[in-house]
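Labels A, B, C and D are assigned to the chains in the order they are written; within every chain, residues are numbered from 1.
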Amino acid sequence: MRVGVLTGGGDCPGLNAVIRAVTLKGIQEHGWEVVGFRNGWRGPLTGDSRPLTADDVEPILTRGGTILGSSRTNPYQEDGGPGRIKAVLAEQGVDALVAIGGEDTLGVANKLTDEGVNVVGVPKTIDNDLGATDYTFGFDTAVHIATEAIDRLHTTAESHHRALVVEVMGRHAGWIALHSGLAGGASVILVPETPFSVEQVVQWVERRFEREYAPIIVVAEGALPEGGAEVLQSGEKDAFGHVRLGGVGTWLADEIATRTGKESRAVVLGHTQRGGTPTAYDRVLATRFGLHAVDAVAAGDFGTMVALRGTDIVRVKLAEATAELKTVPPERYAEAQVFFG
Amino acid sequence: MRVGVLTGGGDCPGLNAVIRAVTLKGIQEHGWEVVGFRNGWRGPLTGDSRPLTADDVEPILTRGGTILGSSRTNPYQEDGGPGRIKAVLAEQGVDALVAIGGEDTLGVANKLTDEGVNVVGVPKTIDNDLGATDYTFGFDTAVHIATEAIDRLHTTAESHHRALVVEVMGRHAGWIALHSGLAGGASVILVPETPFSVEQVVQWVERRFEREYAPIIVVAEGALPEGGAEVLQSGEKDAFGHVRLGGVGTWLADEIATRTGKESRAVVLGHTQRGGTPTAYDRVLATRFGLHAVDAVAAGDFGTMVALRGTDIVRVKLAEATAELKTVPPERYAEAQVFFG
Amino acid sequence: MRVGVLTGGGDCPGLNAVIRAVTLKGIQEHGWEVVGFRNGWRGPLTGDSRPLTADDVEPILTRGGTILGSSRTNPYQEDGGPGRIKAVLAEQGVDALVAIGGEDTLGVANKLTDEGVNVVGVPKTIDNDLGATDYTFGFDTAVHIATEAIDRLHTTAESHHRALVVEVMGRHAGWIALHSGLAGGASVILVPETPFSVEQVVQWVERRFEREYAPIIVVAEGALPEGGAEVLQSGEKDAFGHVRLGGVGTWLADEIATRTGKESRAVVLGHTQRGGTPTAYDRVLATRFGLHAVDAVAAGDFGTMVALRGTDIVRVKLAEATAELKTVPPERYAEAQVFFG
Amino acid sequence: MRVGVLTGGGDCPGLNAVIRAVTLKGIQEHGWEVVGFRNGWRGPLTGDSRPLTADDVEPILTRGGTILGSSRTNPYQEDGGPGRIKAVLAEQGVDALVAIGGEDTLGVANKLTDEGVNVVGVPKTIDNDLGATDYTFGFDTAVHIATEAIDRLHTTAESHHRALVVEVMGRHAGWIALHSGLAGGASVILVPETPFSVEQVVQWVERRFEREYAPIIVVAEGALPEGGAEVLQSGEKDAFGHVRLGGVGTWLADEIATRTGKESRAVVLGHTQRGGTPTAYDRVLATRFGLHAVDAVAAGDFGTMVALRGTDIVRVKLAEATAELKTVPPERYAEAQVFFG
């Protein structure tokens, strides 16, 4: 038996740990040949693959990114895409695919399943916004990095009696902001799920200054002020035609400075949240996802995705897995508000 | 209302995060006075307490250990202990207690509940061996530290073609060994739940050397060879009357050296696994435990303990909570064995 | 004898280690009373001070920022400033001052010396650009943080076949860029001392892509393209009247994207480089500076500054100490260029 | 021209950074062929070598250990060793050697120079005990790791009102103990250069407890009590014939417990101090050593060693370089004593 692996979408610490677990267990327990397709769905679309041996994957457990490369290629937007994938798999003798990715990658996996391709999915989203699983790998690492940054910022903010706004990842879901804000002792946490009142934020900031601490405001990149002020997003082009760094974070730092008269600065963590060696938590989760994906392939249980429930790895239907975005529920956000101000 | 907090048993990263969350939420949401009892049950036994204000707990989120101190004092082994505790609580006007601790501390909390003391428990065990909760805080930090150490040891082992045995915490349960071994890419993981065959370990070690990697063996301090060889435990006194450092780890390193003829060394992580700032994961979990303990007190739901189930914090009866040790189940250990050798 | 301490200018990891060393040695070896003046020169100007005891400073060794606060107040720009300082010192019975700061703070210290105030200086610049000392504390920590970020960025850049531009501190001197670029394995390092050719940078970037690595460009915030293109600096207001985040880094990322047709992104490390616990190197250096500043005070050797020469701490005249900026010499920059491209 | 590289003696973070710098600069600036000899002097003795390309060394900057392996083989203790080395070099067309190592490796390099072999030395000692250079790479990493451990131990010691003894590397020189003890805020630091009085240590420990802090005692593995009590060294075999873990550290922890009646524990950092990714400081130093070793080879300046003086890399004669051990001078040890107790 020959099994392919691919990684799609944005990179995420732990991808290599999944690739390693799939390869080692596939080879050692089932005697499979394992091949890696390069750059997401572009690999099986164009036939770009490489064999994966135990020696190839042995040293990659601790490495960030993905040794297979990634892309956002969607075979359903390519001429004859699905057919070409089936042809490539037949040609290379690949019996089943383990597709590691987020909503888009798994959406493709789901459609290909309907067309008879043997796919097992492994969920990947650094934002932790996939509904079918308690957590996804990469999230803990991103929270860890953001928390380390917040820890560092407390002392510099306090030495200069300054407010600091930290913009973290999270376009649609505020999980990274919520967890790093709680872990970092933020004075305010703002998430995309709940539009914020600038006045309220300013009140919290001022109360914090009165208590003689320096306020740290953690804001998800997708958070927006009530009424939807025109906030340029990070990555958009500004009036100079330049890609802008920092969206709501820099906007809010300006607002706070103007309204409070205190110094206020923004920090945008950006790509540092994605890269580097995964935390122990993410390595374990990614490894277990890989091991259980092999079990699903061995059982012929295709069209499924592995998922974490409590401490168990279970299988869910791909169709359900991508059905809805997992956002921060109001009660979890409310829980955190006791620390605001 | 006046609510007391105490921390008992071995220290654990995250204790201060619980104390902070209980204090801040108690004060800000309920207007309680919060007092900290010093050194576990010794505090309420002797009346040794201090008020806890928002300013006292503001800076402790990131700090390891416990600002309240700890002890293993058991009021049921003290003359008139429970009665003295009730008298102290009455005297100091303390209406309810949040007791943070492991099996012993919570066992006392349970008995005191039966005698009419208002107690809510918060589970604490760095070994992750309490049955009623998916995880306890401190565990992730210990695994993180052990994994960092294992990461470091790979390169030194390989440069010198040497086997390294890493002894980690875990007297009765192998969770730290299992998770740090998986996360660190160990060649062998040994846990207290399954006696190991030295011959088998030696085979794995030799296979590893043949593959031109250096073997890293992660062993829980409570793991034992089959047949129960006489292995002195770390902390026991040796023939010189000196407290010994390293038990099964140093023993096994000797065995490997003798049987393989290769250099083999032991590393005992010891107290470094307990201390220091908690990981982001543990800070979030500890904070949420503290917040929910306040809810339980506010609801008058005494004799309960907060616990993690999936991503939810729930309440369980103290009586059930401490009923059984959560050890590594055979299927979890089997899952890891694909990486051995 | 009563000795005052103050910290001026931008904060820097290690300030607290100096304060602690001065206080503990002053008390324990000389029996001095030590007082801390708050917020740089504003403290002695307004009389804002606090006594410093051994217990106050015992726990601050590992803490970033400064427990005394900082400011950029210059007494020579305040009405009767120097006279007010002398009056406050007389009033509070302070016989000598230890002034910890950069060019500005030490420049004031030097002038006050001429007016008869007993001052010993301790050099502080995170940018490492003070001529009279081999290194200043804070620099190693900043380089460490920047290097960790670069380490993380390599894997994400490679997974996405993307160029990443990392903007680090260094307005006038490129030391942080040079050291973190060397330590992080950057493909290009750009410093303020040498205007760069965008074409040359693009060639290096393209060669890097051809060799199948992803280019990481480390650029000091003060670096400029040849001919002086109009590059908005980080911290300046843009056309919207908003404080801009990222200057030359975001500009260069745009240029690279336009000219190479490859994805290119900027990361601006900003305030994360300043904060948090100092590295071991900086704690030792800052501690030794503090100890030797006490020796200078005890010896009555005022108007001097402590400085590192090789492994020794020596004293230099304040007048010389701030005479010239220490920039990256051409041969040090040339040394690094073998790694470009 | 063909240039060989080898690494001898104990491994040390930064070895790979030297190998990378030598290879990249040799290839790109001089067009050399670079070969790596495996396992120290055993490589040129037996002809065991591999070519080193830019791609081989590109990713190794951040990796601990040495990709060439190491050994303690001394060609002068092998039959006809030096002659065999000359024959191998001639056979493989190797014109010059860069030998990276400590006293032993460089001693051999020096003797081989006298016999006409073209050798340039790069100093390596994690203990920082080579006289001719201000610092050696690996030392900063070891101090960093030890300091992180000490940081962690403070909170656990204080929570349990316990003394903790930390045994760090340093058989003949106390540099790691001195620097990590200063950086970690140790209550006592003990070095091999100065025999210690157990009574004095106990007094410091007791004073520390009285001040309500928990004492942390940092002891170099080579430190000894006055009068030379029989202290078994770590690594020696005990009465059971087992290799012992922890020497003076475990001995001292017992003594403190016995004499003070307080709980006291030992932690032996052991091999974790050697491994893993080098700090930024060590990567820069190791890289610069490698670059300057290439300059020495290119200049034909053999029989020399590169060394750090202040911020400059200079060349010294190999003969002088290994002449004497650099121990902690009394004034440096005295400097630290203000923090004891």
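Note that in this section a residue touches a chain if its C-beta (ideal position, glycine included) is under 8 Å from a C-beta of that chain, and two chains touch if they have at least 3 such contacts.
Not measured: the values here are computed from a predicted model.
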Compute the shortest path length in steps from chain B to chain D over the network of touching chains.
1
Going by C-alpha centroids, which chain is farthest from chain A? Tell me that one.
D
Could you state the distance in Å from the CA-based centre of chain A to that of chain B?
29
Here the gap between chain A and chain D, centre to centre from mean Cα coordinates and rounded to Å, is 40
Distance between the CA centroids of chain A and chain C (whole Å) is 34
Mind pulling the residue numbers of chain C that touch at least two other chains?
151
So which chains end up touching which?
A-B, A-C, B-D, C-D
Can you check the complex and tell me which residues of chain C touch chain D?
24-25, 28-29, 54-55, 58, 61-62, 134-135, 140, 143-144, 146-147, 151, 179-180, 182-185, 211, 213, 277, 279-281, 283-284, 287-288, 291, 309-311, 335, 338-339
Which residues of chain D touch chain B once you look at their complex with the stated criterion?
7, 10-11, 15, 63-66, 69-70, 145, 148-149, 151-161, 164, 238-240, 242-246, 249-251, 253-254, 257, 265-272, 274-276
